[in-house]
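Structures incoming, each one as structure tokens.
In the two complexes below, chain A is the common chain; its partner is chain B in one and chain C in the other.
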Partner chain A sequence: MKKKSLALLLSVVLTTVAVALGGCAGDKQEESSQITIGIPQDIEDSLDPMKATAAGTKEILFNIYEGLVKPDSDGNLNPAVASEYTITEEGKVYTFTIRDGIKFHDGSEVTADDVVYSLNRYADEQSGDALASAFSNIQSITAPDRKTVTITLNEPNADFLSYLTASVIPASNADPDTVAIGTGPYKYVSRSPQENIILESFDEYWDKDNAPQIKNITLKVIANADTIVTELNGGSIDMFCRLSSTQVSQLSDNFDVYTGTMNLVQALYLNNAVEPFNDVRVRQALCYAIDQQGILDMAFDGQGSIIGSAMYPTFGKYYMPELENAYPTDVEKAKALLAEAGYPDGFTFSITVPSNYQPHVDTAQVLAEQLKAVGVTANINLVEWASWLSDVYSGRQYEATVIGVDASMLSAGALLDRYRSDASGNFMNFNSASYDVALDAAESSIVDEEKTASFKECEQIISDEAASVYIQDMVNLVALNNKYDGYVFYPLYVQDFAKLHLK
Partner chain B sequence: MREFIKARKNFKAGAIIAGILLFMALLSLFWTPYDPEKMDAASKLAGVSLAHPMGCDNFGRDILSRVMTGLRTTVVIAVGTVGIGAFFGSIIGSLTGYFGGTFDEIVMRVNDVLLAFPAVLLALVMVSLLGGGKYNVILALGIAFVPSFARMVRGEVMRCKDLDYVKNARLQGARDLRVIFVHILPNVMPVILSSVLIGFNNAVLAEAGMSYLGIGVQPPDASLGRMLSEAQGYLYGAPWYALFPGLILVLLILGVSLMGNE
Partner chain C sequence: MNLTYVLKKLISLLFTLLLTAFLVFLAFSVIPGDPVTTMLGTQATPEKVAALREELGLDRPFLVRFVSWLGTFVDGTFGNSYSYHVTVRSMLAGKLPITLTMTVMAFLMILAISIPLGIYLARNSGGRTDRIMTVVNQTIMAFPPFFSGILLTLLFGLVLHLFTPGGYVSYTRSIPGFLGYLILPAVAIALPKAAMATNYLKASVLKEMKMDYVRTAYSRGNTTKGVLYGHVLRNAIIPVITFLGMTFTDMIAGSIIIEQVFSIPGIGRLLISSIANRDYPVVEAIVVLLAFFVIVTNFAIDIIYRLVDPRIRSAQEE
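Up next, the complex of A and B:
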């Protein structure tokens, strides 16, 4: 009896395999192509592009949603949901023509009403989104016909177009938190919490030149950074971004390694509202106490670019290289500042670090060691990503943390806006009246030079006030199985899966 | 007789191994070859050498020094855990075993519920509520170890409470608590001691497991489990990083087990 059932089982298996193989042979290889990409964190916040706060979430949503315009890998803004746009000469009225035949993942066509609905969502003061302040400049958003959207501004803003990368979603989607419908090259299929997220290429994607080439994408959550190399070498994932140089050195020959920048502001972020970090002298003392190059040498094999304010070099004209050395390592000066602030014997604080990001954990360890020289004891508190988001980022219940902050838009404002006293993303509780003034000046400025100057003033204030201890824009090492090709870096913290293809 | 001699041999071997390791842990209080937290970029992942008998880790910290302090952390946690477990377990077990009745029923059913969960799982839940760190791990594991001690002591006390010497003591007018703690408990001691040794090993493993999962001891503190976890990323490039903490962990458990088999 047992033998019989075994034989039956075998024959069933064999038949299935035969059928499956036959099916494969018939298909084009491209259609059955798939890739498994490791990601350090699950989507914990929201599938709603407006509510998503984690950089790790946004880099995935980049493939699902698009705005009227979309950034490319060179930092240009190209028309996406809109096929073309015009801006009146004084820079106040933007007119967008919706692309012909562009469809949402659910098959419905994108109408001007959807665009108006989506932008109004961002503009809503109640949304709490970082864009709300930029969008407060909007006088009206109207749809003269099904294919046209007109946006009128109160004041011209040279940076405004970059904000229109804000995702367009269908007005009919009642629950964007859990139902992801966009116009991007990949559509959302499913998610198993802490396990994986499945994406599938969108056959009716409008941009045939940049159409997705790999059909199925599995994003596998690997919360334990220690197992990444094993998973890559073992073949259970084909790609992983932001590896450390040590991890890369252990990869097998099956991987191509791409080197770029992460486009992050990595810093020891200090909660400016709690003792002792409410004293600017203490914050400055920490800046003098640490040695950025030492951190790079110790934990990053010397790779990475040192920064001195909340801006990274990819931003070009907004970036201020002179701030990199605003606080040269000077233990004596740090001690003197601490003594002046009333901590002659130093103090003890804790650095809360998300344990799934090995580079930040390593950085925190080196920082703790460096701070000993000035008598400051830093205890490291490793937490899970979900508790980091809720306690540190949203709850602001922390003393210090090591993390990298990204820019969601190709605009200096995207990085600097979070330092506004009342910004929702101001998790370091930075509070400076002169900063708010400078930021307002930058965002309302029409003339490009003035705007740049004001943004630079903002960076200068952040540096002078030592809002946090700025460290570096980390090097981004991406491992991709050499079966695949086509990884491209963006000047933003995003992953473009549509460019990946089989060799 | 031969069995007995063999057992003595095991005990001696175990005592020697455990003794050496304990000495290393104690020594680390006063002296380690290097500062266990001192980073040195020049000797990152340096191999085994005379200067660094166990090599260096990814921050150039001397692994021997870290193993010594890590061993101390691990031993302190294990002793603390077993101490809490045995102390409260003995009290609960002897009271319930001696008095019996409804009180016994209630306490032991709660105890059974706790026993039904693996100790480490209970500790995991507690640590995620209390937060990590050495002392919370001791507390969490200690509480998780109470039920098994309570059950074991209760059985022993129940067995002893109707023996003649206990009846005798009671007839002489000794109060209940005196009977329990002065007459019964000392006679249960050998059983408690041997389960303390087994419990010690379980605690070492539990701590290593928790630190390995990243919720026990926090960096830059060293513990053997924490070191194993950190070494995992360097298994291919610097196998000594994982090898030595692992080896010491195995030796510690081997030594104590050999002693416990006696």
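Up next, the complex of A and C:
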């Protein structure tokens, strides 16, 4: 009798559990135009497009905000908030006409004053964007009438237009940190910290040809990388970007996998100001010592595109494929260079890697293994992202690091600008007078061929000087539930949700 | 229960909280990483770093910052989150119900399993069920919650399809869905603790059963049932209360791990992400809150003791 009552108790408990769980699974109703997209981290900087610094934030805000011009997936800059623009022949005066009837998400019409207000925020040295260096070239921003904005530059800069992808926000928004109002295809609805961000399609979006097709988007924060595949297969998320090849191999048949590139310059960045990396021969020796294809094979299933300078292939005409093989793997040559530089027995250094980026950690491990062949010992020092930012990036207190650098704007200048000897983003302390001259020439040139030639000269100098050990533009594997279609890659670190649709 | 006692407890509570707050504050001023460079990311320039540091008041001396931070407890906002630009209170208000619900569910499960099972095993000590359960208990005790959590996800999620891994439902959307999702994490937390509590109660009952007063009770013509429920249990439960109290505070802190495993956006997850982002106001508020729970629970245990056992009450009041 007693045993029976125990069994009864247990069965009651188990039935309750099963019923409750069953109810939970049954809750998963199919809504026609809704998608849940997994994101690896929450928006933790700001909803204000100007203060958004994380690449993960910017790629989401791309759907909420737009600039006067907007990049497309082919790398062209198309008019967005402006319907048309003219540039005077000497390249100094830009005149934009605000698109007729274009509205912000709150229903108010975009005026020239909003544009002037937005651009002035970016140009502000104190609070503005690091792009302020590009904006500091602005002499004046004026609004001659409600529909026209005129920007006058001090010096012509053919690259300037790409900086006008800077988001336009309403001047009336007092708290852009928490209230996101833009003109993009999706409007911000709500968020719950570390849980999700809810977006909804904007019915009055100006571009009817590229109107958003899925009504509701939930961006779900998946903080634990180990659960991504379970959640994809279990159906609680429909899409996830930048998966590893191992994760892709575990996906069920319900997924289409899109292969693109991440649009990053992944490299073993060297601090050019510290010994022994202040000697160009040592830097070159490391370039000869490593085998990029070996890294791809060991850590990335052979996928990724090898690069030889601070530029990735999607930049098309600016990219120099011939640099990919500037330093073929040659252990003997590496040893000779090291001996010449005074390190016949090699040396020991440490690679500081942010531990939250597994691909970079894997890369560092393969690198350390490869460097042993030339007698160089690399110790891997894993740090938190916050420490990496303060010590490596801002403090420049490091010897070497593995990281991927993206271009915040659709301009070659955005990638090459950080190698200027006095640039704030020059965390590798690269210093070359001839480079600065070439970069100035590129940025002030208004003739396309000259500009391209100067940018290529910059890339050549970076390669010759072996500013760092360039590795690859990493492969980007995107899983999308095969109920949906329409994922497109951009030559920038962005996601375009408006192109997604049901099959 | 007299007033001096309560007053004394309150003062020690305040003092402990203050000390915890100070230590947390100190810890974050010595660990590497800086909220300002974290916020500015790759757009940091020396001018912007200085400007933001001033805006957040991080340029002030340590003690000034500490005191002004204590002020945010007095006004009840707990300060503003660096990452989310809203008050920490509003963030905690959304997350606390999740973690507390999960902990309370787990606690109820522990009570529901361990008390009947502990008594049953004590009464049938040495029997076959007891021998089997001893082995089962030992095994379950060895399972850390994160591991049983993964196993449960695998079993109920991917094999039986009764559970959507990561399919957390917000309580603002559906209460049954919310509670349904929390069952498995609660089970994962409860299992090893329930096994321990069962063993604890069983041992305690067996020990009491050997006491002299039990013999006296039998000699007065009581049945086993009468002795057990009328006399033994009341004594046997006292050490178990201590254990359960410790378990409760342990579970709130332990939810940090289980929330990661089950992708539950509660206090634990917020704590981890805030540490990574150096979002100090959030981290400090959560740690102080956890300390507050621990202290209050201990306080509650003390009071329960006094209600259950008159001997403690009179001993302390003398």
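As a convention for this text, the second predicted complex is superposed on the first by the 421 of 503 C-alpha atoms of A that agree within 3 Å, B and C clash if a C-alpha of one lies under 4 Å from a C-alpha of the other, contacts with A are read in each partner's own complex, and residues count from 1 in each chain.
One rule holds for everything that comes next: a residue touches a chain if its C-beta (ideal position, glycine included) is under 8 Å from a C-beta of that chain, and two chains touch if they have at least 3 such contacts.
Just so it is clear, the structure is predicted and the values come from calculations on it, not from any experiment.
Contact with neither chain B nor chain C is seen for A:78 once the two complexes are overlaid on the shared chain. Contacts of A:136 after superposition on the shared chain: neither chain B nor chain C is touched. In the superposition on chain A, A:44 makes contact with chain C only, while chain B stays out of contact range.
Once chain A of one complex is fitted onto chain A of the other, the partner contacts of A:54 are limited to chain C, with no touch recorded for chain B. In the superposed model, A:389 lies in contact with chain C only, and not with chain B.
Put simply, more of the residues of chain A are touched by C, taking chain B and chain C as the two choices.
When the two complexes are overlaid on their common chain A, residue A:227 makes contact with chain B and with chain C alike.
Within chain A, the residues touching chain B in one complex and chain C in the other are 224, 227, 230. Against chain C, the residues of chain A that register as touching in their complex are 2-3, 6, 9, 13, 17-18, 20-25, 27-28, 41-42, 44-46, 51, 53-54, 125-127, 129-130, 175, 177-178, 192-196, 220-224, 227, 230-231, 233-237, 356, 383-387, 389-391, 393-395, 424-425. Only residues 224-230, 246-247, 249-250, 294, 297-299, 355, 358, 361-362, 364-366, 368-369, 372, 379-382 of chain A touch chain B when the two sit together in their complex.
Chain contact summary for the complex, chain C toward chain A: residues 32-35, 37-49, 51, 81, 83-86, 91, 94-95, 112-113, 116-117, 120, 124, 129, 153, 156-158, 161-170, 174, 176-177, 179-181, 183-184, 187, 260-261, 263, 265, 269-270, 272-273, 276-279. Taken in their complex, chain B has these residues touching chain A: 37-39, 41, 44-45, 58-60, 131-132, 214-215, 218-220, 229-230, 232-237.
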